[in-house]
Structure formats: structure tokens, C-alpha cells
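In the two complexes that follow, subunit A is the common piece, with subunit B as its partner first and subunit C second.
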Partner chain A sequence: MYCFLRLSVLLVGLIASAGSYAVNAVQPLTTADDLGPKVEQPIEFPHDRHAGDAAKGGMQINCMYCHTYARRSIVAGIPPLQKCIGCHQSIESVRETPRIKKLFEYWEAKKAVPWKKVHDLPDFVRFNHERHIQRFVFAQNKPVQEACGYCHGDVKTMTVARRQKPLSMGWCVSCHQKDHPVDATSTKTTHGPNDCWQCHK
Partner chain B sequence: MIENSFNRRDFLKVLGWGGATVALSGCGNTSVEDGKEFVTSYVQTADYIIPSIGTYFNSTCAQCDAGCGIMGRVREGRVLKLEGNPKSSINNGKMCGLGQAGVQAHYNPDRIREPLLRNGDKGEAITWEKALGLINEKVGGVKAENVAFLTGGVSGHVKALLKNYLDALGSGHHYVYEAVAPSIMRAANKKAYGIEMPRLRLDKAKVIVSFGADFLGAWISPVHFSQQYARFRKADNGERGVLVQVESKMTLTGANADRWLAIRPGTEGILALGLINSLAAAGLSVPGDVAAAVKDYTADRVSKDTGVSNEHIGKLAALLKERSPSLIIAGSAAEGYAHGSQNATAIALLNQVLGNVGKTVEAPSGVPFPQMAPTPGNRFALQALNDNMAQDKVKVLFSYGANPVFTAPASMKLKENLKKVPFKVVFAHYMDETAVEADLVLPLDSALEDWATAMPEYIAEGAQLSIQQPLMEKLYPGTLGMGDILLALLKQRRPDEYKGYEDFYSYLRSAMVSNKGALGGANEDDDTFWDTALSRGVVKLVGTPVNISSNASAKGLVVPAPFVEDSAYPLHLIPAVSASLRDGRNANEPWLQESPDPLTTIVWDSWVEMHPKTAAKLGIVEGDIVEVASKSGAIKAQVYVFTGIHPDVISVPLGYGHEAMGRYAKGIGVNAFKILDPVFDKETGELAMHETRVKVTKAGQRVIIVKDEGPAGGNQMGRKIAVRMSSSKVNLSEEV
Partner chain C sequence: MSITNLLENWSDFRQQHPSDDRPHREYKWAMSIDLDSCTGCNACSVACYAENNLPVVGKEKFAHGHSHHWIRIERYWDNDGREFADQGAQFLPMLCQHCESAPCETVCPVGATNHTADGLNSQVYNRCVGSRYCNANCPYKVRYFNWYNYPTIDNVWPEPMNQQLNPDVTVRSKGVMEKCTFCVQRLTVAKSDARTKGRSVLDGEVQTACQQVCPTGAISFGNLVDPEAKVGKQWMKQQVDLNKDKQAKDAAEEAVKLRGYRILEELRTYPSVMYLEQLRESAI
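The block that comes next holds the complex of A and B.
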């Protein structure tokens, strides 16, 4: 009797795990593009209008003009509302459009805009923006949009930002294994750290 | 049958499969959560504020009365950790564990969040408008002399506002109460030196003899004294100071001493006079009248009375004679008796004879603004209030910064007398024992979200005004700062004078800015002055000079003979003031409950400290639950057998045994305040904290004490760190 019981328990475990594996097997582990879900934001912020190419009606604003913390801190942060208003209070042409009106409503109520996180890593991963921006933008002189785009995709073509890369560990590592020059002029190469504790502290 | 046969190995196998399932699901991207959490940005912010990087703001610690300067690390608008403010001359950038727990007072889940009005047994939430209106109505409905205000020690602008409010009401009844304040010593110092709280220069002394002053743990300004102590131990000239601690129960300071002398409780004064006599005999010049007064205190007699051996008295006298200046400190152990004043005076006399006055006992700076100078509390204030309540003289009572229902001995019947007061307003952070008795409870901002200024009683250098500023936004919209409440109350009484101030912040700013000349900002514009003051956290003041005198005299100084034994209550109870819990006001901060007592390593409970000889006599071993009964009541707690205590003494720490307050304090340990006997110091009328006699009986149960001490610390696994040596083998003269 009890042998049977044991066997059945084991079988249940086996089936359960096989089932789970099957479900997961549909999603490949590493892909270049892995479009995340659409995220609804309180204000549909048009990244394309702000950062996009001039030819396509964009203002070509540097990412770091608004995401000013990325080069100085482990988090990129969301710009303070004050920053939006700083420009928009003198841009009369769009002052009465619905999104800008909403923006000013938040400002007048002195309330923060409740943005949703689009790129949200699990809490056991510590991703450092500063290190990446310092390396690629400041040491290697890469264009800002290219550097940010390694992880965030082609944001300048999006309206509301959407995750474009898998942000899984395998995906991070695939990049960290590639050699790249130390800085803009050097022929010496290096690659990103592959120690566990770099990200899992 | 199933449980038995399904053994651990099978379980692990199944778990292995299950584990694989979990692991496989983890391989996908399921843990990247898009669009689930909010990321809140600032509306407006300063350039130097960067998300994830801490910014430090200076403020003042409110965990005890020492008033150390602190700086709080603030990240994303939340205060995370406190450090000491290097600009404060009290603590020079250092802090103590009690201060560290300040963040737990702030984030405490048991804080009261809105004003509560009594409705039968319950508190009903009401608006501030209604609460303040009710106070106006109640104080308006009684005679001014029937309004009383009970507070802990106060200073700074809150004190000034409080005084103005009482003046506006016409009531002179401000009772300033501190349960464990060194109030008898203050009175003795006033007589001896003309100053209640002289500056003690531990760093200048070559020998310190401390009569039970736990200056490294819980006494007056422990962080400051600890720093001085470090310089005393490692002086610039390389000479290491010698610390001798004389007390009946070992304190943290006692544990650090070169020589710890267990003295019979209450005989500290006799030893002090005996030392004067020995010094005179050894050739120290002692004024004639003093020499005459102490001539009967021969080493033999003193040794018999105090239990300190002849040999040790001789060595101590030799040490004091050889090394000058020295410093003799009268701590709470010396002053806790009915003759506490005499003990403290005898100790002051010893200082004077040794020529320490003016050298290691210095005059402090006078405070230039008397209306903001500290008003330290004492125990007599509560007795006076209690008497008035008993005689129905109090109709409206305010209580702020005190928890008298918890700290008053049962014999005072304070709780009963409180019931006679028709309207009781309690300003509180928690529903503590006093708040539970109130008719109206007003919730206060935490010290990390409130504005205030403080002038501590003990100031190390010059005079200083410490600024307490909010380190973050309020956690709960329904709390208010004490300054704001007083301002609102003053607006009811003196609208013309106060209506211009929108809140306490604007009052404080304008009060300071309009006095900037006296606050060292004569050449600065208003904004610069104010911003500098806030960024430093302290404003240095030019103190007024104060004279110290050597008035201690032997005239009229009678130190009574040691206690006669009381066969019904054979043991003395020492209510210990621990570095973490003090009088129990911070007991609801779990870090403090969790940090082990430095000597016994016990956590989360009370204990009865007992000498092994006493324990053997009573047939008690560690962990036995005993009943400690005094004439005024009884408590039950676990016994900890410990050699650092006089055999005639047992000790129970204060601060435990709350019946209310919050989840981390309620029901933890027993309240030793309750069983203190109503014995008072003869000169000051202060409750004599160490006068309680008790008997100890086994209650039958035995528990395993929860403590950190164990094989590793207990027997050191043969590593011979700080090897134990019996005290008779230590030769003090060799150590010096």
C-alpha cells in the first residue's frame, strides 16, 4: 500500500514538473527582442516627440537631459515634475493639449505623477546605470541613444516606453561576455564582469 | 501510518522534483515585472538630491536628555539611518545604540495617528479643531490654579512657548518630572559648588573614583563621557588614567574599571569620609575642621561599615594622593538613599579636599537665554502633583514627555488620584499607560518629523542651541508637533501676539532670525543665517561666565551608620537603569529589546541579578522564577546569578513590564518601579530609589534564560581571551 503511495507522489511530481517545463519551453530564453506588455501610464508620454529624429518631427533631446540621474546613480530615476514644467511653461503652442493640461493639473496640485515602472528587475538584481553610462557614453564616446538602447531598445521611436529586451540573466551575460574596447581610443579590450556578486549583492 | 512510512529520504526526492519545477519556471522572464509597480518621482527637488544616493541632514537626538547632535541619512524622502553630527560638541559625531533606535520610534507601527477623545472605555477619533476647541473650553471652565502641566525636562523654544501658555492661563503649576534624574546630586552640587551640573573633566583626571555613576552607559551624557573616557585612558602624555568604580551592583562603567569595589549599599558617604581621613593621615593637607569631622572614620571602622577591605581603602587613598588631579563622581547609586544628600555632599567634600574643584570639576557656561535654558526634571515634582490631585486641586491636567502611570511606585496611588482629575490631556506617541487613562489623547509627530530646539542640561563646551528639524515628511497627516500644538493653544489665549505665525516653523524661524545677533549671525542676512543654522544643526552661543565655588563643608554633615538588617526583608533592591531602556519610554523600539544587556546578555525580558552566595543560601539557580516582594508590592522574574553584585543586594532593571504602549513593550518583563518603597531623601524630598528592601522566594518554576551568553562567550573554547582572575590576586598598585 505505502509503496504505491510513494510512487504516486513521485509521479505527480514528475507530471507537474514536466507540465511546467512544457509551458516554459514556449518562451525561448534569449532573444534580441522580447517585447514586454503595453503599460498604461497616467500620461502617454511621447518619447518619439522628445527624443526622436528631427526628420520625423522629434526634438532630438538627449536622454540624459531628462533622465539626469542615470550617469550619477544606480537608478536612472524619473525626472521631477519640475523639469517637465520648466520647459512646458514657455511652450505656448501645446499648452492647451490634453496631455499638457493634465501635466499642469498635477503640477498645480503639487502631486507626483504616478508613473508605472516599465523596466522592473526583480529585487535580487542590482543593475547600476552609472557604471554603464560612464563606460559607454563617457569612456567610449558612444552616442547616448545607442548606449541606452542596449537595454531599453529604440526608445526614440516609441511613445509610451515599452520593454524591448528580455532583461533576463542569460541576456545580460550574453553581452558581458563580449569583448569591447576599454575606451574610445584604446585598442585594449575588456568585457563586463561575470562575478555573481556584481549584480546579486 | 502514512506519516511514519513516508520518511525523510522520500520526502527529499519528491521535493527534488518539485524543486525542479520551481527552478524551471524561474528560467523564463516571469520575474521581470512590467507595469506592476509605481515609480514615484519628485514634484520639485533640489539638484543635490539624487535617487538612491543618501543626503544627510542634521538634527538633534530626542531619545534621551543628553541631546546629542545627529545627522540622518535620507534617501528618496525617507530617513534610513542616523549618525552623530560632528559639529555638536556634545557627541562630536558619535552616537549610542539608544539613539540609533530613534528610527524605530519614527516608523513604529504603534504610533497614535489621530486625536482620540474618551468615550467610555474607547478612544474616538476626532479632528484637531475639535480637540483644541475642547481644551479651550475646559481650561476656560476652571480656575487658573486648577490647571496643571506635567512634563519631562524641557528647554528651547518649546519651553518658552509652554511658559507663555501657562502665563496666559495664569497657572503657575508646571511640574517637571524625570523618573531617573540625578536630582539629589544636583542639589548637593548646588550646595558644594554653587552649580547644579558642573562640567566633569574626565579627560583631565588621572584617577576617577566613581560612586555608582554609570557614565559610560546611562548617566547624564554617556556619549560625551565615553569620548572623554577614551582620552582619560589614553592621555596625550601617555599616562593611562585609573578608574575605580565603587558600587553595589556592577554597571557597564563598573565592568570597565581597573578596580571594581562592591560596597554595602548606602555606605558610599562613609567610604568618602574614610578616604579623607586616610588622606589626612597620609599627609594631604586637609582643613582643620574637616580633619576633625572625619577623624573617627578610621580605616578599620570604614572597612567594617562598607565591606571594602582595609587594604583597598589604603591603596585607594595612596592612589588619590599620588595622582592629582583626580575626579570623584557621585552617581545614582550613592544618591539613592534617604541620606543620599549626605552621601553626595561627602563625595563633593572629598573632591574639594583633593583640590579637584576648578580642575576636573569645572564651571559650565551660563546660558544666555534663560527662557530657553533647560529645566531638568526631578521626582519630587510628581509627588507634589500627586498630592494636589489627591486633594482635588487639579481639574485640568496636561501631560507631555512623561509616563507617570508607568514610572510612579504603586504606593503613590497615582492612577487612583488621576481618576479624580476631571479632564486629562495627554500628548503622546503611543497609547502608553498614562495615555490610556486620558480623556483626550493628542498624537505627536515623531522626533524625526518635528521642529524644536534643545539646550541639554549637560553641555560640554560653551553653550549651544541644538536644532531639531524634520528629516522627512510626516508619516501620518493626523499628528502634530508639540510646538504647533502650543502655538495653536496660545492663539486661543493671546491671538494678537501669535496670529502672525502660521505654524511653529514660522514662529521658530522668526524667533531665531530676529535674535540672530545674539546667535552669532550678526553679519549675515536672514536667509544665510537660518540656512547655516539648519545645515549645521547646532548654533554655538557665547556663554555667560559662571563661578564655581568650594563651599562643601563638614559642618552639619552626618552620614548615618550603615543599615540595620531587616529580617523580614533582608535584601536591598537596586532598580538598575540600563543603557537601552532607561526609564522605559523607549521600550516599544524592538532593537532595544533585542540588544543584549551588556553585562548579563539577556534579551526581551526582565531578570533578577543575584550573587552566587545569596542564590546558594536561598537554594536558587539560574532561571528560577522568584517572587521579589517589598512592603509595597511584589513582582516575579527569572534569576540571573552573577558575581558583579554585593551579596546583600539584588537588582532588577527598570523600563520593562509595560501594560500598554505597544506590541514590543506590552507584557515584556516586569515593572520594578511599582514595588519601590516610599522612602525619601531627607533634604530634597526626592524618592530614594535604592531604599527598597525586599525578600526573595522561589515561585516554583524554572525557565531557560534567553541570552546571548553561551559556550562561546562563557568558556571561550580555551582561547584565553581576557582570562578570569580572582580579584584578590589583582594588585592595584602594580596596575597603576
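The block that comes next holds the complex of A and C.
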């Protein structure tokens, strides 16, 4: 009887552990399926045309020309409509294309373009764009597109941006745990801050 | 924070005793409250409600002890056998003492409350499962539990009141513990601004909400590591040592005028809040 009990306990334990193993199996952090949802934007903004390589017909505009707040604020913000118009009022060649026509409709109606959020973090997370840009672009002299791409993926090849990375806590930590050089010339390394209150609020 | 990090650097997150071999490197946030200046006006408490999205629970729930005042004014009446107290009430603002060796941290079953590198006692709402063990172990009774779903079911912030919620602070849901954070949302902003400028936070650059509104300036807050900080000078002047559980004041003769003390210091919690004894006599 006891033997039977012991065996059954063992069996239950085995099944339970096998079950939990399946649940805990490590998911690969970035897979092709790990993309975020497709976001319908009011204007299908072609990132590839603006920021893409010249060889592929892009204008190679710096990310921070439009997303200007990223380097000096916690949030990257949305570029104001003036920014678009500032260039496009003197680009006659595309003025009559459907997307630019739509853009100027917003401008004439004095309304902001209702862009949708693509990279949306939960409310309990604090992510500081400024610190990341200051560190990677200004202290370590990394190319802007590479630094932004750590979290946003290769935006210069996309039209409407789509979330490329999981933006989960484990994914953030996978980078914060690594040792990185302090600046471009130094041999000293350090890792990102790792106490809970740095990001959780 | 991953579990590997938590286990590998256990000693950084769970300090048993403050020690000289692992000092605070850049920041150690601390406070001092001058009870002689405190008039018990409750402005600090109101400011805390506004800053930290604290729900106003109403009379009934307050009577059940379900209130959420992260900083509260405790009143003490020294009647001394008479019908009315000679000096009126004495006031003591009580908030999380951010103990260096916090009793709440050691008992949390899920590691939701930790010690940060800046000497703060952190509470991570996402990780909290609501065992309330920390509250039971806190000698100051400054941890508050969300018994109700205030933002939704209780609707504490109906339209358009929700517009006044601070976006830098989470609105806590039912079943989590919460407490004073020393306005960590302000500290984080000040720290990252300072780091972009390539220096540490200067004294006076960051204020807690309670400090900011105190009409008599009874509360001072700052970085104890910074030799220029007002709070550090106050601690020094009162000969209060963060890492000791007995201060010079305890041994001092009558002639030595030391006012600084920390509450329930003998429990070896090593609090980060120093109180300055009341001197003024006879308010009435």
C-alpha cells in the first residue's frame, strides 16, 4: 500500500514537473513572429523613403531630425505637423501625390495628424529615451540608426513602423545585464541600472 | 531585474546590516523633519495625495483603517493627569522611514520590496502578491494595502478627476501594498538630468512633494553622500550616524543640546529619517 502511495506521489511529481518544464521553456527573445501588431496610420508614412539608404532611393535623414525630443526628453514624442510641412512646402515634385495631399489637408484644417502609437509600454514602466540616446549616440559615438534600432528595429527599411522587439522586461534586462564600454575610447565597462525602481513606477 | 541578478547580487538588494565595507557610492537619500517647526497643518499629507495618486477612501473606510496617507500627522496629547493638555497637541509627521535594514524587506515572499542602490526601500507593485507580511513586520505602520479597486469599482477619480492623476506614478490596483517612495519619480528625473550633464544631483535640485509644500520648511531632503547637502549637515550637527543604533544624544549630558533622533532606533532598523525634537513650550 505504502509502496503504491509512494509511487503515485512520484508519478504525480513527475507529471507536474514535466508540465512546468514545458511552461518554463525559454522562448527565443526575437523571432520573426515576435513582431508587434500592424498599426493603421492616418497617413501611410514611408520611413524607407525618408531615412533609407541613398542606394535604395532613401533620403538618409537622421532619425533625430524629426524625432527631435528623443535626445532631450523621457518620451520621444510625435513630430509636429510643422516639421513635415517645413520641408514639403518646398518639394514640388511630390506635392500632388495622394499622401502629401492628405498631409496638406490636415495643415489647412489646422489639425494635428492623429498618429497611432506603435511602441506602447505599460503605464507602470518608465523608459527614458534621453539617457539611452545620450549614452549610445553622444557618449559612445554609435550611429544613430543603430542606437535607435536596438529597440525599434531597422526602421529605415519599413514604411509604416511596426514593433520589431518584444519590449518585455526580460528583453530589456537581457541588454542591461551585459557589460558595455563606458564611452567610445574607454576600456572601462559597466552595465545598465538593474534595480526595480529604475524602470518600474 | 532578473532572478539571476537577484540571486547573484543578493547582498546588494537585501542588506542585513549597514556596513562600512559597502557604502553608498553616489546617492543616499535621507530626510530630516524639524518637529519644532511642524505646525501639524497636514499640507504634506495633501501634497502626497496629489503627487502620488493616493485614493481618498472616505470616512467609513478610514475608520476601518483602510486609508492611504503615505505621510500622516500623528498627534500626541501630553495631558499629564489634567483635563486638557498644557501645550496642546504635539505633532509628528510619520512616513516610510526607508530603513537601511528594513524589516519589511526580509519577509516579502516574492521579493517585491527591495533596497535600491540609492538607499531607498522600493516597493514594486507588479511583483507584489498582497501577502501583507511586510505591513505586519513594519514597526512604523506606514505600509498601506489596497483593499478595494479604487480606480475602477470604487471610482475614486470619476471624470474629469482622472485628469489630475500624476502620469509618472502608477495607479495601484486591488491587492497590492503601497507606501511612501520618497517621490522616486522626481528622484529618477533629477538623476537622469544630472547624469546627462555629467554630474551628480546638486542639493536642492530635487524636492519631495511634502517638502515642497511645507509652509514652515520643517522637512529637508537630500543626498547624505553629498557633503554640501543641507540634510547631511543637519545629521552631522546632531551627531546622528546612519549606521549606528545608539546616537550621541542618548549618552549626552543635560548640557549638550542635541535634538536629533530616529524613531524606534533600538529595533536596529537604521531609518533614513531623522526627527528634531520639539523645543517650543506652551503653544496655548
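In the analysis below, the second predicted complex is superposed on the first by the 168 of 201 C-alpha atoms of A that agree within 3 Å, B and C clash if a C-alpha of one lies under 4 Å from a C-alpha of the other, contacts with A are read in each partner's own complex, and residues count from 1 in each chain.
As a working rule, a contact is a pair of C-beta atoms (placed from the backbone, for glycine too) under 8 Å apart; a residue touches a chain by one contact, two chains touch by 3 or more.
Not measured: the values here are computed from a predicted model.
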For A:Ile74, select first, second, both or neither according to whether it touches subunit B, subunit C, the two together, or no partner.
both
Which of the two partners, first being subunit B and second being subunit C, lies in contact with A:Asn194: first, second, both, or neither?
second
Which of the two partners, first being subunit B and second being subunit C, lies in contact with A:Gln177: first, second, both, or neither?
second
Who does A:Arg126 touch here: subunit B (first), subunit C (second), both, or neither?
second
Which partner chains sit in contact with A:Gln134 here, subunit B, subunit C, both or neither? Use first/second/both/neither.
second
Would you sort A:Gly86 into first (subunit B), second (subunit C), both or neither based on which partner it touches?
neither
Which partner, subunit B or subunit C, touches more subunit A residues:
B
Contacts of A:Gly36 with subunit B and subunit C, given as first, second, both or neither
first
After the superposition on A, what does A:Pro166 contact: first (subunit B), second (subunit C), both or neither?
first
Subunit A contact set shared between subunit B and subunit C covers 74
Spell out the residues on subunit C that touch subunit A in their complex, using ranges where they run on.
1-2, 4-5, 13, 114, 116-117, 120, 122, 124-127, 167-171, 181, 184-185, 188-189, 192, 195-196
Going by the contact rule set out above, which residues of subunit A touch subunit C in the complex?
74, 123-124, 126, 128, 130-131, 134, 170, 173, 177, 193-198, 200-201
Enumerate the contact residues on subunit A facing subunit B in the complex.
2, 5-6, 9-10, 13-14, 16-17, 20-21, 23-24, 27, 29, 34, 36-40, 69, 72-75, 77-82, 106-107, 110-122, 163, 166-168
With touch defined as at the start, can you tell me which subunit B residues reach subunit A in the complex?
1-2, 5-6, 10, 13-14, 17-18, 20-21, 24-25, 27-29, 31-45, 50-53
